[in-house]
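So the structure is just underneath, and the comments pick up after that.
Just so it is clear, A, B, C and D label the chains in written order, and each chain counts residues from 1 on its own.
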Amino acid sequence: MNNIQIKKLSMCFGNMFALEKVSLNIDTNGIHTIIGPNGAGKSTLLKLISGHLIPSSGSIYLDSKEITNLPIYTRAKLGISCTYQHTNLFDDMTTIENIKIALQQQYDIGYKITQNKLSKLLILDQATQILRRFNLDDYMCQNTNTLSYGHQKILEIAISFATKPLVLLLDEPTSGISLTNTKEMINLIKQISKTTRVILVEHDMDVIFNLADTITVLNHGKIIGQGTPSEIQKNPTIQSYYLGHYDNIIT
Amino acid sequence: MMASGLSLIFGQLNFINLSHGSFYVLGGYVAYSILSYSKSFLLSIIIAPLIVGLFGVILEYVFLRRLYGHKRHLDQVLFSMGIALITADIVTMNWGTYVINIRTPSILSTAILILDTEFPLYRIVIILVGLCTAISLWTLIYKTHLGTILRAGVFDIKMVSESGINVQPIFTSIFGLGAALAALAGAIGAPLHSLYPGLQFEILILTLAVVIIGGIGTLKGAFMGSLLIGTVDTFGKALFPEISLFLIFALMVIILIMKPSGLFGNTYHYES
Amino acid sequence: MTTKSKLYKTLLYDKQFSRREVIKLSGAGAAIYGLNSLLSSCNTSQIPQTTIGLLLPFSGIYASLGESIYNGMRIYFDEIQNKVAGNNLFIIAEDTEMKPDVAQQKARKLIEQDNVDLVTGIVSTGVLYGLRDYFHNNKKFLICSNAGGNKISREMKSPYIWRSSFSNWQPNWPLGIWAYENVATKVFVSAPDYGAGHNMVDAFSNSFQSAGGKIINKQFTPFPSMGDPAPYITEIQQSRPQMVYCFYSGSSAVSFINAYHDFGLSNDIPIVCSGFTVEEDVLPAQGSAALGIKSGLHWALSLDNPANINFVKKYKNLYDHNANVFAVQGYDTAKIIAEMINEVQGDSDNTNGMINYLKQVNFESPRGSFGLDANSQNPTQNIYVREVKEINGNLQNVVIENLGSFTDPGNNSLG
Amino acid sequence: MNLKQHSIEKNILSNKIILLSISITIMLVLPTVSNNYIISLLIEILIFSIFAMSLDILIGYTGLPSLGHSAFFGLGSYIIAFLNSTNAIALNVSQNILITLPIVILATGIMSFVIGIIAIRAKGIYFLMITLAFAQMLYSISIRWSSVTGGSDGITGILRPNLVIGSWMLQFDSRISFYYLVVAIFFITIILLNQIVNSPFGNTLQGIKSNQQRMLSLGYNVNWYKTASFVISGVVAGISGMLLAQFYWFTSPENIYWTMSGQALIMVVLGGNATLIGPIIGATLMRLLPNVTSSITIYWQSYMGLILIAVVLYARNGIVGTISKIISKNHE
């Protein structure tokens, strides 16, 4: 269940291939990580899955249902939720309002012009619980643009999580945040992955080998390796291609 | 094409500058005043743009630089409306409410034969002036160092200023240049259109249409936009005179449906 | 109360004031007065006085017309020392901006807050029609001093709305026959695409055709601004008619006539037009491009009658440029209003008395002999054919023929 | 935490009810103490407030700056002119507001749906322009198609409505009775719009204004919501246009011209967007300002221009936004 299948996916920008005939099956539970040097096509792949980009050719399946050309919101309804590399929140709202907006979609009441007290309380309660789970409850009534960058990134994930996704796509969740926040983030992602499949694009090797259950390595828009963290570490081609300069970290 | 198109050549640096209509009108009126003092048409079309250009520089320096950025388009529209309202009063205060016309200079006021029909020489001169302006602007923007900075600046002010270039003065002077061009158009267009209170509001809507059809922030877009509108307007008037006004807006809707960011619009601005 | 009277007295007697200042200050007076009446709801009729509300455009493209009408009125009110029926006369002017909704608001203000005795002014037909039901339903008097929409003399007639200016039909119908007999038999017609444009064209073409003439083409151009007239001129150029009939006013008149001249048509194809196209307000801006154009109107600057000579001279002295037909309309309107109020001894509630007076108005106006027609509630007046000629270095509309006295038919039978 | 939040919300709600009932009372009592002119000013202000509020749903809540809102305002006024007026054009369906109002709502609803579904594809300033283009197209139709619209002369003789239920009839012929009708519609509109903007649907709209992309990735069909907001806004604008036409007994192409949209836009921005009270304050000022300044100076346009520039530069949140900012600062 909840497996994502990618077949011969290509994406061109002008004459340049960002992805070239990438085929990939993500069918094991847990955290799947996509790594690769800058410009390898990791973010592009993620955007293709979430629907922010439409591929030049190839197809994407969620549980053998084709989603290649579906709009973003339909995929979201099917259970694919994503976060953004740069934070993308509702700036002029408070933290809890951010979560509420996600929840009201989750409960499918976003179009209603009346709301009874019970559902109001239910959503409030849910939102508080989620914030508590992400350790954001202290900032509940603060405007999101007054939060620290680290907290903003956590909130970013919390919003996506609130929609109860089947697959959560995370684009560099730890980039640009402090060490303590990074640790917190790692824990959170681990927790989330117990209930939700996570696809993660990351730079930080520490994070990757801490979290990943499986790893896909991309380079120049092509897959050059796949496997568990230990397999990847042992793979000599990948070693020479990519991991060379991380030797000290791995060992 | 037509004189009003000239004022629109300058598609303005990602700034929805509706005060162009006001500059156009001021250009015409100032030229009229200079003409009645100096009796020289040439002098009036040289000095009027300088004065209005200076006015534009002051305006940019004091107010407009606070309003840059694509999130503030609405503010820009409202600001320009304010300027248009004030200019309307300045004009009636100084030049009265009667229709004013600048006489075509006598050397140019003959009609010449083109393909068996008579065509006024002055209009041909205007088209030539318009072409020259367009070409020199194109050279400025695409062939000079200044132009490169400018284009980069429109795209990403932060990046350019981080690379150590101060873009603000350049923007100011470009804005002044834009104002001066509009004034020039107003001055040489005045013999055709005549000047009257309320002119700026008509120009204002036309300016918007041109900028939008061409796409914001591109010189090419503005040029093509004014060309397209000019053509549609002229042919529309000739072929379907009764719905010519309708045609321009229908064209606008069709283009925006097909390309929601204008013909040559920068998708970068559109996305964000 | 006293502040206000003083203010108006000084204003209306002192000719040194320019119009702008007058409006500005009289407006201020009105505002103060309005506030007073709001606060104390005092009875305003302690001192005998007559107040006239004036609805004119003072901004936008018709601003010059509003100004001319106001100036013309002032000349007449000065002549009678601002006294009617023994009362002091006051004017409260409001800017209608050519918008029906603004005009409604201003009309209500004048009648309901300022308690004016009657309202006059109105330049554009749209505004007139927009106000029609208000005046009709509330039984308030409106003497229209310009707007020429035919309907107000016909299907939209109201006993309370009279017109001292013209109906769009009026100058054009006689002109059609004259043009057929004196200029050419085939005509190209061009006018802006709005009510007045169609009214004028219909009147002209009906009489032109009934006389035996042929209309080659009718061209309707965008309103209010025609933009660049070149495509229209080119169309005329290509169909090579014997004559062009047109109606334009304000800036369109200037750009149309100038472009017509620039394209070299003025020597080949004569223009016969509605008089507004080459009236004194636009003639200076048209200059020599207008030379030779023949037009039909109910007045001309050069009309040789004592009333006109007197009026034209006064106007020039006071305002430093030539009078125009709008100013004359203002002058006549002022006269009608003043005499009507004299007739009912200042009692503006005496509607029957006022209507009876209006039905028999007859006097020598600058336009020549002038009367109001009881049927159409519109003037009976002479229509003149004028030609733009250069006299002593000045361009002037010279009367070349008096077509006689006409009145609106009061129905749509003649176009 | 929950309880606290809840009590705050409850507090706000009860405050609103108090405010509403006070203003209703004032509105009902006013005619007894003021003169005719004040009432007609009030009627205008209320009608334009409804118009401005409808635009605010688009600008303030959904973040769609429209410069073509006069299209629906004018449409409403023309439809009522067709439905019943003494003019030859009219169909004279009925004077009963229970019949005419639904027709106006339906017609403007369909029109705004059609225009909306096309216009919402454009974003930001392009949305502004495409709405303007639609309005200007309607404007030229209204001038051109004179056999139906009366051309530039407009349509006169529009009748005031009545209310007929069975044999019971209420006439809104006189100014006072029409005033009460407008007051009623005004408050119904406020209550409805207030309900809408504070509902989950309202939150969705505000989310779209704040961050459209995020809304998409949360699974919201953004275009659907935008269209819905466009339709709601268009319908309310149509109702206000209908009322104005009935009040003036008249409609003309000027009601569709872009300056009418511009006026509404200024009302919203001046008063403060994303609040319902803002557009009302804006409408009040805009209708009173020319009335007051044009009596003092003929250069009232400059004052308008200066105010506009000042708002853009110094008070981007409008009067209401600025005042509430000052208050909250003082609290701190």
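Definition applied: contacts are C-beta pairs under 8 Å (C-beta built on N, C-alpha and C of every residue); 3 or more make two chains touch, one makes a residue touch a chain.
This structure is a prediction, so every number in the text was calculated from the model and none was measured.
Looking at the partners of subunit A and subunit B together, the chains they share are D.
Comparing mean CA positions across the assembly, the chain most remote from subunit A is C. Overall, the chain located most centrally, as judged by its C-alpha mean against the mean of all protein C-alpha atoms, is D. Distance between subunit B and subunit C, defined via averaged C-alpha coordinates, is recorded as 36 Å. Subunit B and subunit D have Cα centroids lying 33 Å from one another.
Remark: subunit A and subunit D have CA centroids separated by 43 Å (rounded to whole angstrom).
For subunit D, residues that reach two or more other chains under the stated contact definition are 144, 259, 301.
With touch defined as above, residues shared between interfaces to two or more other chains in subunit C number as follows: 58-59, 193. Under the contact definition stated at the top, the residues of subunit B that touch 2 or more other chains are 88-89, 242, 245. Contact annotation for chain pairs lists A-D, B-C, B-D, C-D, with touch applied as defined.
Residue ranges on subunit C touching subunit D, taken from their complex, read 20, 23-24, 27-28, 30-31, 34, 38, 41, 58-59, 94-95, 99-102, 104-106, 108-109, 112-113, 125-126, 129-130, 132-134, 137, 149, 151, 156, 193-195, 198, 223.
Interface residues of subunit D facing subunit A in the complex, by the touch rule stated above, are 1-2, 5-6, 195-196, 199-204, 206-207, 210-211, 213-222, 225, 228.
Chain contact summary for the complex, subunit C toward subunit B: residues 58-61, 63-64, 66-67, 193, 219-222, 225, 227-228, 230-232, 234-235, 237-238, 250-251, 253-255, 258-259, 262-265, 281-282, 284-287.
Remark: subunit B residues 16, 63, 66-67, 70, 73-75, 77-79, 81-86, 88-90, 93, 201, 205, 208-209, 212, 216, 242-243, 245-246, 249-250, 252-253, 256-257, 260-262, 265, 270 touch subunit D in the complex. In the complex of the two chains, the subunit D residues touching subunit C come out as 35-38, 40-41, 44, 143-144, 146, 151-154, 156-158, 244, 248-250, 252, 254-255, 259, 287, 290-292, 294-298, 300-301.
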